[in-house]
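What follows is a pair of complexes built around chain A, which joins chain B in one and chain C in the other.
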Partner chain A sequence: MEQALQVIFSATFIAAVLRVTTPILLPALGGLVAELGGVANIALEGIMLTAACAGVLISVATQSEWLGLLAGVAMGVLMALVLAFFHLNLKADVILAAIAINILASGSTIFVVFLLTGDKGSTSALVSKQMPFVEIPLIRDIPLLGPIVSGQNLLTYVAFIAVALVAVFLYRTRAGIHLRAVGENPEAARSVGINVRAQQYLALALSGLLAALGGVYLSMGYVKFFARDMTAGRGFIALAAIFLGGKTPLGTMIAALVFGAAEALSVQLGNLRVPNQLVQMIPYVATLVALVVYALAQRQRAIARQRKFRQAQAT
Partner chain B sequence: MQATLPTAPAFDRAAERARVQQERRRSAMIDFSVTLGTIALALLVGFLVMLIVGKDPLLAYSSLLSGPLSRSNRTGRWIEDATTLIILGLSVSIPFRARQFSLGAQGQMFIAAMIAAVVAIYLPMPPVVAVLLPLAAAMVVGFLVGLLPGLMKAYLNANEIVSTLMLNAVIVLLYDFLLTNVFTPPGSQSLRSELIQPNSMLLRLTAIFGVNLGRANLAVLFVAILVIAVWALLNRTPFGYEIRTIGANEKFARYGGINTRRTIALSFAIGGAIAAVAGAHLVLGVHQRLIPGIAAGLGFEGIVVALLARNNPLFIPITGVFYSYLRVGGDIMEQEAAVGAEIVQVIQAVIILLLTAQVLVDYVKARSRRARSVSCAA
Partner chain C sequence: MNKRTSALFSFTVAASLVLAACAPAAPAAPAAPAATQAPVAETPMAGAKKRVKLVLNGTLGDKSFFDSAQRGMEMIKSELGYEVRTIELGYDRNKWEPGLEDAAAADDYDILIAGTFDMSAYISRIAPQHPDKKFWMFDAGPDYEGKEGGCSNKCENVYTVLFRQNEGSYLLGVLVGELLKEGKLPGAEGRTKVGIVGGADFPVINDFIVGFKQGFAESGLDPEANVLVQYVGGDSPFNNPAKGKEIASSMYDQGAAIVWGVAGNSGNGVFEAAVEKKLYALGVDSDQYQTIADPAQKATIITSMLKNVDQGLLRAAKLDAEGKLVYGAPESVGVAADAVGIADNENYQKFVSKEIQEKVKAAYERVASGAVKVDSAFK
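After this line comes the complex of A and B, so read on.
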């Protein structure tokens, strides 16, 4: 037990939390933008997977991590636009269409990888690139804080900066406010001249962009290869983080950190000879509990609001 | 110019019924042809993909489309897979009719397989009971595992997609853990449980027909029973009416006095109990023991089967048989033409996308209606 506590309160552990939070936080922010725009994006998982695969393959072909990043993001946005087209133009049910996108992503990435390498499992036979890790001068040398804040992958910084950017976009820009207005009440938004469809296209494209960054991080940062179904449910955990975080950027980040901590803990406990599968359950069980807690909190809030309303009426 | 008002034609009950039935038949025919067209289009997409990647699409498609009939044991694989898929499709169709996206079938199958195996391995039983008891135990557990996300959705409004997927992950890990640490006998070379007792094994069709039909077994009878049961449940009971009303308009259903929470939670649970039959089939009929990943990769297949049949339990056997043909054909294609069986997943995704694209379906319907009125006028 003491050993476990030592592990948790160490700088390396906190650094690891940031590492595993990144591929949850990025798609969660993407999902948040889509959610606030009034479209539930269940396809985060598939978008991440496609981006992860495209990034690796292009980085292999060009030997440039930047072109890989670009290709991954482009593929992710493309997938999101396909979803948007089917939902917004062809009136497909957004959940079923997203399930199809996820199946498409899983099947086509394995198909392509098998085609190119003859191996269905992963691209580890190929030499792919990795996004750079950033050593920050000065901060690097601060004890405790240094190893946590410095030396992370570029995309980890991007993820946490994105929290602020998304917040500014959603609450401080015209486009963001319009987007939330559409999510809140499409008819009302339409009545004041907002193009609802365009806003929802924007919301889905942005969610594709952010989820794609998360996907690229997985295959070109967290590890240096693409493996089949390597997202392993992170797109859905991201979805849970949005709800747990009360549908705000800051709350989503905190929720993503909680899930990240659960996952990092499971890795650490795995080293301590606790059965592997039980430890791997932690993030999923945490998500289930979080769903219930969030729902109960929502209900409590609704009851409180009702009571206040009644009191106001009584006086 | 006639001065008299036209007298109302006498209401001919029989003629009216015939007209309504004809209308319904025609609508079903259109649905059916839309589905067929979608499948053809999806297969064409797969064909084009193979052309682009430079594989021999003709060889690949001939093994995809004729594979399951080329040898009797492959036909057996088809029957076995169709049994599982039809049951899964039926399971999915119930919550889907209530517009609840329960994706928990995967986990329900795993846990049902485990429960069925525990009963069938460790509890000595006489014949018949030895099949029914594990099946019933699996169904009870499937019911409960389905009920949990159902209650969470109905009473707490917790997103059912997230909850069912998380539950699946937990159950699959639990299965893996128990298989490794409890069910695999000590000293065993590979990761698998003991065989179930012979009384619990479902009779294989090979033994009945004397042809090698692989692992296909008497569970095909479950399919027949379940199809009728699910149809009756949805179309001939108040509960089924409640489910369909909620699916059509939840607010209306609540306003009309339906206990929507109870019905929604139960729709998840009944779906879980049926998915459990599929899980029990894998243990009692197919593998006759627990193996790693016993129901892996079956999670979303039931959705395709149900969707192709438009959640109509009477069509689900047809779409299940068709879809398993494609799946088994895909595996054979991979062996014979070295084209990844995942192309079947691509085809599957295209089918879902096209079938849910309401505008496309409406367009086809509108065109066929126009074509008919033109031909009537002429």
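After this line comes the complex of A and C, so read on.
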């Protein structure tokens, strides 16, 4: 137990949490923007995968991590726009279209990798580039804080900065407020002259951008290759984080950190003499517990609202 | 809406018709081809061109275990002129049993090869349904006794080759123990720990660990305190390199000088962690110093524990061609047959002193001659 606590309160553990949280947080923010714009984007998984693959392949071809990043993000946005086109123009059910995109991404990425490398597992046969790890001068030398805050991958910083940016966008800009209005009530938004379709295109494109950053992080930061289905459900965990976080940027970040901590904990505790199966349950148990807590809180809120409504009626 | 429903309905009907058409074909298969196949099977023609089909519960490209099996297939093709093909079922567990069933029901093979612990239950069930075909398993065998409902015909048509990975791991344990005791690995001076990242907590993987610890103990270092063991686990234990990397990083942080991935494709994450921490790694199944492309990653691999699935399959094919392959019981091959061992390459020569190389050779002799019996995770 003492050993376990020692692990949890170490700087390397907290650094690991940030590392593991990044590929959940970025798509979660993307999903949040789409959700508030009134389109549930469950294609996050597929978008991440496509971006992860495109990033690696372009970085190999050009030997530039920046062009890789650009290509990954462009592919991610493109996939999101495909989803938007099917849903908004062709009126396809958004859930079905998103499932199609996820399946397409899973198959097509590995197909392209196979065509280029003859390998159906991963691109580990190629020498690809990685996004830089940033050593922050000064902060690096602060005892406990240094190893946590400094030396992370560039995209980890981007993820946490994105929380603030998304918050500012959603609550402090005209476009963000229009977007939320569309999500809240499209008819009302239309009646005051907001172009609903354009707003939803914007919401999906932004969600594609953020999810793509998460994907690029996976294959060009977290590890340095693309592997088949390497997102491993992170796009769906991200969706859970949005709802758990009460559909706010800050809440989503906290929920993503909880998931990240559970995952990191399962890695760290695995070294101790705790039964292996128990440790592997941690992320899933954390998800369940969090969902139960969320559901209970929702119910309390609903009951309170009802009570208020009745009181208002009575008076 | 109505049109859509009816379209859906007719699709369902069509699909079930197709399925229904397929279904009776499967049980009928063993009866019909039995007559046509029998002469081929009974005449022991040495030069008969057999058709061999490898069914993998994963995909090629792991740079390790499955790729080794594939090399075996290519050797069978070039040396015996057999017709070979490989079917990759992918890493989705749900597709393994039906995929194997389809592969076995098709009449385009004489020998079907499958491997790993995960496939043994399926082979136990499916092989008896095709008594006219031969099945080979590597790395784990079917339930020959038919205790838990497997092998209704005692799997008389199944040959199994098991690799004594515990013996190869013992050699690796001896090597690592000596290296850490010597403490001269550049950048890892004073570190006495080694980590093992296993795929999943089951006998084949634990067999590596048991053998390794026994060899490690020979150096005088305490294996319980110095050998860190952790499993990847989860949905795809052998295809989760990110988790492999995360575990390896935490092992290096706890003082490991060397980490050994025994986890297929997940092990590729270990090499990345080794590069980042500027420490060392070990390969598994194939000589990963040769199979990994990235020069920085290659440089971290001191050696690999070889599990020569390729040689094992070729050997089986040759014995089979001479009619000497024994079906109906598992066969285990170890250090003495060079089925397992450790890779000797430039990096091995660079990091391992002559003195330690001699000790490893002595350990090889002890195991090969039977002077030392290596413990196993199998009962």
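As a convention for this text, the second predicted complex is superposed on the first by the 303 of 315 C-alpha atoms of A that agree within 3 Å, B and C clash if a C-alpha of one lies under 4 Å from a C-alpha of the other, contacts with A are read in each partner's own complex, and residues count from 1 in each chain.
The definition used in the following text is that a residue touches a chain if its C-beta (ideal position, glycine included) is under 8 Å from a C-beta of that chain, and two chains touch if they have at least 3 such contacts.
No experiment lies behind these values; they were computed from the predicted model shown.
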Fit or clash between chain C and chain B when superposed on chain A: clash
Which superposed partner A:Val267 touches (first chain B, second chain C, both, neither): second
First (chain B), second (chain C), both or neither touched by A:Val168: neither
Chain B versus chain C as contact partner of A:Ile142, first or second or both or neither: neither
Which of chain B and chain C A:Leu104 touches, first, second, both or neither: first
Contacts of A:Val20 with chain B and chain C, given as first, second, both or neither: second
Contacts of A:Ala227 with chain B and chain C, given as first, second, both or neither: second
First, second, both or neither for A:Ala125, with chain B first and chain C second: second
Which partner, chain B or chain C, touches more chain A residues: B
Chain B versus chain C as contact partner of A:Ile303, first or second or both or neither: neither
Selected from 110-118, 128-136 or 182-190: the stretch of chain B that, after superposition, runs into chain C: 182-190
Chain A residues contacted in one complex by chain B, in the other by chain C: 120, 233, 276-277, 280
Chain A-facing residues of chain B, complex: 53, 101, 103, 152, 156-159, 161-163, 165-167, 169-170, 173-174, 176-177, 180-181, 300, 303, 307, 340, 342-346, 348-350, 352-353, 356-360
Chain A residues within the chain C interface of the complex: 12, 16, 19-20, 119-122, 124-127, 218, 222-225, 227-230, 232-233, 264, 267-268, 270-271, 276-277, 280
Chain C - residues contacting chain A, complex: 58-63, 88, 91, 201, 228, 230-231, 233-236, 239-243, 245-247, 249-251, 253-254, 265, 268-269, 272, 292-295
Residues on chain A engaged by chain B in the complex (per definition of touch): 42, 86, 89-93, 95-97, 99-101, 103-104, 106-108, 110-111, 114-115, 120, 233, 236-237, 239-240, 243, 275-278, 280-281, 284-285, 287-288, 291-292, 294-296, 298-299
